[in-house]
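Shared chain: chain A. Partners: chain B in the first complex, chain C in the second.
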Partner chain A sequence: MIHIAVQKKLTAVEGEMLLDVDFTLEEGKLTTLYGESGAGKTSIFRIISGLLKADKGLITIKQKTWLDTEQKIYLKPQQRKVGLVFQEYALFPNMTVKENLFFALEKGQDKKIVDELIAIIELGNLQNRKPQHLSGGQKQRVALARAMVRKPDILLLDEPLSALDPKMRAKLQDYILEVHRQFKLTTLLISHDIGEVVKMSDCVMIIENGMITKQGNPIDIFTNQRVSGKFQFSGEIVQIQKEDVIYIVTIIIDANFVKVIAQEDEIKDLNIGDKVIVASKAFNPILYKI
Partner chain B sequence: MNILKGKITAVKTNGNLSLVEIDVDNISFKTIVVETPDTASYLTKGNIVKVIFKETEVIIGKGVEHAVSMQNKIVGKILTIENGELLSKLTIDIGVGNIVSIITTNAVQELRLQVDEKITAMIKTNEIMLSE
Partner chain C sequence: MMDWQPLVLTFKLALVTTLLLLIVSIPLAYWLAHSKSWFKPIAETLVSMPLVLPPTVLGFYLLVVFSPSSTFGSWLNESLRIQFIFSFQGLVLASVLYSLPFMVHPIQAGFSNLSSTISEASYVLGKSKITTLFKVLLPNIKPSLLTGVVLAFAHTIGEFGVVLMIGGNIPGKTKVASIAIYDEVEALNYSTANWYSLILFLISFCILLLVYLVNGGHLKRFWK
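Entry: the complex of A and B
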């Protein structure tokens, strides 16, 4: 069990804000922090990794205390087993992919892990290239592998995919899930994409003004009315067309387009770019083996 | 979406499926859902729920007597008919409110459906969703 309870006064755009969160993470689960910019998500990551000092708090990870302000325990960032991936790639430009991974090894650590990660994240063809010769998606795969080298007790992903196009994003999401499962990691993700949150997370926490206002299963959190339909996805509206007496709404779900028939009074509240839940009953879809 | 509010009057569960009966102002609706009172706490007798079904799933029968397998048969009156090239939109007054049905324009013509006509709106048991 991982327990994080921290308080920190932050200077935000609108003045001072108190970051005050207290949550536990189940080991092996992926939890997402969802909230507006400036709500305190990245500050939570910086406090966990030791880059920002909390005013008050307690962080225990796998029975080890990383922070306890009352007992004056404060582990240095390098003593904390954290894997971090940011939106920016932050790879060493003068080193090849493999060298970047080797550089992350701890003193005396078995180098086998590097080859293992190269295999899982499919970096074999790229391992001798330098970052400048890699695409954005490839760089993020390397950054993910590098964050994993020290087998972190907690993996922190701060909007790692937001600079990538939807197709690349979907692929990278699969790599992250694969690594998360294979290494039985406890992962915290920051994401603004509801589709991504629903696909990736076991649990989501909504952060508003430094506080956790809601938490639970992503579908329950993002569905205002809990519909009994078992065929549910969340996506984004990309097109609304009028046909005859009805409307055809096109929605992108991950990288797939679906079309749903809607009525005029439903369309009134819907705009292109809106996030929606697409729901149908489990009785309607057919399965066609490919 | 057609949305009506009603009270659950019966829940019969078998495995993962439940057959739920809802009373909407003395009109009885039946739906089968892949939920049980354990997985969806709102499936309790006496609870108020929303009964949701798609306009395209509302079948229209002329008159009132129909021997068909459909469990949800509601007698109503056609308020408006909006004819499109292929599809037509019918607004039906069922006493507790209006519902909308989308059927083919061919069907409207074959049945010679007219405004003010008494019809039966029918929805299959598995086409109704529930929501809190």
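Entry: the complex of A and C
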């Protein structure tokens, strides 16, 4: 069991904010932190990895105490077995792909893991390239593999896919899930994409202004009332048009546009930019291979 | 006939000064780039002072502090047998202080331009600050290191005032090329002065050219 309870006063753009979270993570599960920018998600990651000091708190991971402000226990980042993947990759530009992974090895650790990881992320033919000659998706695969070299007790992914195009994203999501399962990891993911959250996580926590306001199964959390639809997708409203007495709402789902007809009372609470779920149960979808 | 000794002495001084500066400047620049201490602006100002001060001011204070008639100077002389006035050590000390900003500024800029996530990534991978410095940070600021080394070296070659103040003009000991030129001109030996000047001009030109070629990536085109 992993228990994290921390408090930290943060100075954000809008002024001071108290980050105050207390949660437990089940081992082997993937949990997502979902919330607006500035809600404190990245600060939670920095506190867990030891890059930021909490004012008060307790972090126990697999029976080891990483932080206990009352007992004055504070492990340095170097002493915590954490895998952290940054949004901007943070690969070392002076080292090749393989050297980036070798650098992460602990003293006396078996070097075999490097080759294993290179095989899993399918970068064998690029292993002698420097990071500047890799695409965004490739860089993020290297960053993921590098974070795995030490076999971390917890894997933290800070919006790892936000800079990638939808196709690359989907592929990387599969890589992450594969690594997560194969190494039986406990993973925390920060994501802004509801589709991604639903696809990847066992549990989601909504963070608002430094507090966890909701947590649970992603589908339950993102649908206010349970919809028992034949199909449902989450997307974002990009346009609301009035046509005579009805409204046409255009929603972008991944890279596809969907137009949905809505009545005036239905669109009352909807605005451009809102995240919505498009669901239906009254007809039979047909699948075509493309 | 031209005496080669001043030129040899100049390059020996520049070499020793540059090596010492490199050792001093890396930790200093690292601290300046990362510190949030109240003392940092003062330290930055002190490092930059040689850029604006007449060299004679620095030379004068060094003379005052290290003169055998001062308490500190006589203590150094008696207990450690080190004499900084009119000696090669004195020239090195003065040059290190005088060329400090030329080494510290490029390295500091190099450290500041590196994204902090790179060092954080290294810490999270279990690497100490020292390992991170030598394996990650320094290899990624090679152009800044080269700029610092070359500027400090070239600037030391070009010293005159501070060297004259603290070292005087002792042949083979403290008479560097820039002082030799002044000497020859005073003695109306224009042709010898010309030779010294030309050699200094060409060497300085080549050194600086090398930096711009390397840092501008022009040499890579030939290697490919």
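For the reader, a short list of remarks on this structure follows.
Going forward, the second predicted complex is superposed on the first by the 233 of 290 C-alpha atoms of A that agree within 3 Å, B and C clash if a C-alpha of one lies under 4 Å from a C-alpha of the other, contacts with A are read in each partner's own complex, and residues count from 1 in each chain.
Criterion: a contact is a pair of C-beta atoms (placed from the backbone, for glycine too) under 8 Å apart; a residue touches a chain by one contact, two chains touch by 3 or more.
Quick caveat: nothing in here was measured; it's all calculated off a predicted structure.
In the superposition on chain A, no contact is made by A:G108 with either chain B or chain C. In the superposition on chain A, A:A90 makes contact with chain C only, not with chain B.
Of the two partner chains, chain C is the only one that A:R150 touches; chain B does not reach it.
In the superposed pair of complexes, A:V245 makes contact with chain B only, with no contact to chain C. When the two structures are aligned on the shared chain, A:G273 is found in touch with neither chain B nor chain C. Between chain B and chain C, it is C that contacts the larger number of residues in chain A. Residues common to the contacts of chain A with chain B and with chain C across the two structures: none.
By the touch criterion stated above, chain A contacts chain C in their complex at residues 49-51, 76-80, 82-84, 86, 88, 90-94, 103-104, 106, 146, 149-150. Touching chain A in their complex are the following residues of chain B: 1, 32-35, 40, 42, 50, 52, 54-56, 82-89, 100, 102, 126-127, 129-132. The residues of chain A lying in touch with chain B in their complex are 225-230, 244-246, 261, 263, 266, 279, 281-283. For chain C in complex with chain A, the touching residues are 115, 117-118, 120-128, 135-136, 139-140.
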